[in-house]
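What follows is one structure encoded as structure tokens, with my remarks underneath.
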Amino acid sequence: MVSLTTAEQAMLDGEQGAATAKAMNLLIRYAEALGAERFVETNNVAGVPGSSTPWIKEYYKADGGDYRAIFSRFDLDSDEVVDVPRMNAFSCHLQGGMDPELWREQGMTEAQHANFAYDEGQVAAHGIQVMKTCTPYLAGNVPVMGEHCAWMESSAVVFCNSVIGGRTNCEGRESTSAAMLTKRIPDWGFHRDDFRYGRHAVRVEVPVDDIFEWGMLGYFTGDAVQDTIPVLDGAIGAPSLIRHKHFGAAAASSGGVEMYHMVGITPEAPSAERAFGGGKAEEVFVYDAAARARTYERLNAVGDSRDVDFVMLGCPHYSIEQIAQAAHLIEGRSVSASSALWIFTSRAVKATADASGFTRILERAGARLMTDTCSSISQAVPPGTRVAALDSAKQVHYLPAIMGIEGWYGTTAECIDAACTGRWAGRLAA
Amino acid sequence: MSAVIDEVEPIVLTGRRVVEGVAEGEALVTQETISGWGGVHAMTGTVIESRHELKGVSFAGKVLVFPGAKGSSGWSGVFHTARLAGTAPLAMVFTTMTTKVALGCVVMRVPSVTDLDGDPLALIATGDWVRVDGDAGTVTIWKGGRP
Amino acid sequence: MVSLTTAEQAMLDGEQGAATAKAMNLLIRYAEALGAERFVETNNVAGVPGSSTPWIKEYYKADGGDYRAIFSRFDLDSDEVVDVPRMNAFSCHLQGGMDPELWREQGMTEAQHANFAYDEGQVAAHGIQVMKTCTPYLAGNVPVMGEHCAWMESSAVVFCNSVIGGRTNCEGRESTSAAMLTKRIPDWGFHRDDFRYGRHAVRVEVPVDDIFEWGMLGYFTGDAVQDTIPVLDGAIGAPSLIRHKHFGAAAASSGGVEMYHMVGITPEAPSAERAFGGGKAEEVFVYDAAARARTYERLNAVGDSRDVDFVMLGCPHYSIEQIAQAAHLIEGRSVSASSALWIFTSRAVKATADASGFTRILERAGARLMTDTCSSISQAVPPGTRVAALDSAKQVHYLPAIMGIEGWYGTTAECIDAACTGRWAGRLAA
Amino acid sequence: MSAVIDEVEPIVLTGRRVVEGVAEGEALVTQETISGWGGVHAMTGTVIESRHELKGVSFAGKVLVFPGAKGSSGWSGVFHTARLAGTAPLAMVFTTMTTKVALGCVVMRVPSVTDLDGDPLALIATGDWVRVDGDAGTVTIWKGGRP
């Protein structure tokens, strides 16, 4: 049985209104399902509160089919519709379904856009930050070490736990929406010290030095350790945000890694011993030249034709550094008539890209800088796309499967070359 | 005689309630974890992940017996939508607890148990008849189908 | 003598062009001044490259008085003017001199604005990210633990070292501009483990729980330890980015704190022992109720009249969470006719504030959300300002001194009340 | 007799070069660290920090003897501007090394030394005549003024 503080009992009893009572009820059911004994307080929640497809709105038509109905019935899993107040926690909205301006180009209809715009207005009206990104930490929501968070989005979760030392489970839509009202989440899993220790070791024997290599190492790692916590050690080059971002997203998609340690690199791994919490590695995996080559093959298993008609960058959403690099690589060239180049980021980062002239450089070259979403989330690719080139292991894991297309994995430079030539010439450098 | 008794006497496993309620039906068993977003088509309850052993199979109206959840944080949202679409399983039995599967069971509102004193993935086969008692935290298995 | 790698020697010899050679020359002089023995590589540089006042442009008129001249002669301290290429490192521009749109309201002239716009165009043209903020970590530049950075801006430096576990000294304009070209900075100070250990202890005996309290504790700490590294322990509440931000900025301004440890909270202080690197505290300072009251008095020493005619929030630049809070506090009220409320943030965060409806709420109430700068940096306050109310210990340290006005320190809510009533009613709650 | 010799014999301190070159002039000594941005008016070389013991005093053309730098990262920029404005000190002697003061000395391009084998803040008084030899890393002090 989960035990409640006085404040939590009061919320359940309706002292903060019906919506918070419903949220508390849902969280108690969730805590009991987990076997959690108490809640932790959180003031950092990232989810997709109340955003819904027209199908769900239609389903709740009898209840009004509006934001209030969807938030009550779906997000809070409530049997009745209640008034939804402004959220209490620092709350942000993760990625959404389309670019707020380039949605036509993404193949969205007027009706879909109207649905999107309505939801976004409601999100804002409820005091939720409209970040619209899978990288809130690049858009002004940076947790700190030890901070209890309630985040969705596997690539953001693994970043928060591993790179920052924040504490979050991989939450779902309903638990994050409820946490926005209650500022509570079950004290289970990554909120607790003993859950955060490593279980398997990965020995890195080939130098791993840019997002392409970090992405491959991540993909290998997730495949090896599945959803346990790996401790990596060895020839890992200087860390940076974008390297961690690509590693974590890859490991979360090939396995289900929600936290990793890198000895001497991540905050909870000053030593291998501390990363394992005094325990021993259950299994040791070796990432050597052969493993690297196998990983490359796997990532490129769905590539056959070298005629690339679509290049998508920005999974997870590109940082300003990556946008600058892409702009630099394409300046003076242009996207081939037989191809397209879409780059995804957050609105916050795009504001800096606009001010820094990168958006203009990209557009002049025929590329598009888009926000809010990505091709996998919105199932949006240019019409007729058959072969995509991608610099993200996560995206190559998902996009070809979702869209039934071929996909190549390579470096950012190889992808931009492919966009400019319409041909894939990527290869694994020794 | 004894063979008949074996077929009649159900196996009872005891574990922990995840979601209350009692339901029984035919088991659908997989040794592989299941992805929600990108892995399941909510409107039909069908597994769509390429290379999954249940690819093309629907869990609608079955007792789903599986190791647990994997993949995107959209897991609960997909299974929640399956409930609305009427394609949810009747009940859930799983072995590895995660936030994804816990929340999914809660919002699907189907009887669910875990932490059983025998391995349901070894003891239950697709087609067995299974009663999941979320209140008591037990699973009762009739090998070979409805008793 | 600083030793050079082959690549560094080649830069000095001009293999990457004259500007990089000049930059290397400056960095060698700087390294020798410090007594550094080598350089570290950096790919994260934050400075104010080439931005200059009309006076400096006038000074270098004979050299052309343009960006090229200023970057060569001033930033690189070169005796000749050289061509300035695109920067090589991931480089961003910190806070600047005026809001790009509301500059007239800030009292800037057309000529000043033209100078600003010219510089910004040049910054962008040189591949530098136009972030224009003292909080790059809220605008898409988040270093990771162990990453070598070269940052200016004391409040950002202390955040990077302490909260993230990044590694930067408090660099200057010339060293950051040179590092943008060379990707090098002297291996000295905070780049080295043994420099990062604590020296003094601060025992916190009263609960410290929001930005107002964290700001006061920071101000007390800087005053106590001056520019050494403090190790704080005790009744410190749950950490969050904005709490650290206010603490660090305060400690950097009252003392010169460039790094701090909080036991069990910051990444390099899992224990007091580790924070001190095995050593002992030279001195122990106690933050108790009396120290808290004294700190409050000191921060309010320049407040006399309770007729507040200006409220400035956003030092360091407000996060989206703080903007949301301010919008929430002022919604349905309005700024008094006898007062003004200016809130400062970065352009990236403002993009999210716009999308989230906060900008509109603030404007409807008569407040202004401004970017790029702050009242201290731009010496801009509304005409006739005599008494300011501030929720930042750093700002109350600087602004009244710079502008010759009175200043009050209080909570965000007290400041917003003052803006709406024109009266200061702040007091230290027990 | 001995008193006369004391006045004539200068004190020599040996330390480490920060910036090369040789300069001599009248000392301006403070026991307090100096802020650049917000602490110094570059156009006149005047300390403007309220409550600073040098408030209102200009270091232009003096040998500045001080503990070191504090305050904003704009330190080097302010002292660099002072050089352009012709208000820089002739030379710098300080006791605590920081990145601020190191970079400031470099871009001011004045002879500077630190790490001396005697405390310059105790041994030098405002008005003493001081030669700073950045090449040799020495400071020569004539108490009471120009010898």
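The chains carry the letters A, B, C and D, assigned in the order they are written, with residues numbered from 1 in each.
By definition in this document, a contact is a pair of C-beta atoms (placed from the backbone, for glycine too) under 8 Å apart; a residue touches a chain by one contact, two chains touch by 3 or more.
The shown structure was predicted, so the numbers you read here are calculated from the model rather than taken from an experiment.
Student: Show which chains lie in contact with chain A and also with chain B.
Tutor: Per touch definition, common to chain A and chain B: zero chains.
Student: Centre to centre, using CA atoms, which chain is the farthest one from chain A?
Tutor: For chain A, the chain whose C-alpha mean is farthest off is D.
Student: In whole angstrom, what separates the CA-based centres of chain C and chain D?
Tutor: The separation of the two C-alpha centroids amounts to 28 Å.
Student: Report the inter-chain centroid distance for chain A and chain D in whole angstrom, where each centroid is the mean of the CA atoms.
Tutor: Going by mean C-alpha positions, chain A sits 54 Å from chain D.
Student: With centres defined as the mean C-alpha position, give me the chain B-chain D separation in Å.
Tutor: 79
Student: Counting only residues that touch at least 2 other chains, which ones in chain A make the list?
Tutor: Correct list: empty.
Student: Got the chain B residues that touch at least 2 other chains?
Tutor: Within chain B, no residue contacts more than one other chain.
Student: Each pair of chains that touch: what are they?
Tutor: A-B, A-C, C-D
Student: Residues of chain A touching chain C in their complex?
Tutor: 41, 43-44, 86, 90, 92, 120, 123-125, 127-132, 137-148, 163, 165, 238-241, 244, 264-267, 270, 319-321, 324, 328, 347-352, 355-357
Student: Can you name the residues of chain A that touch chain B in the complex?
Tutor: 26, 29-30, 32-35, 48, 56, 59, 74, 77, 152-154, 157, 169-175, 188-189, 226-227, 253, 255-256, 376, 398, 401-402
Student: Please name which positions on chain B make contact with chain A in the complex.
Tutor: 16-19, 33, 38, 49-50, 70-77, 80-81, 84, 97-100, 102-107, 109, 112
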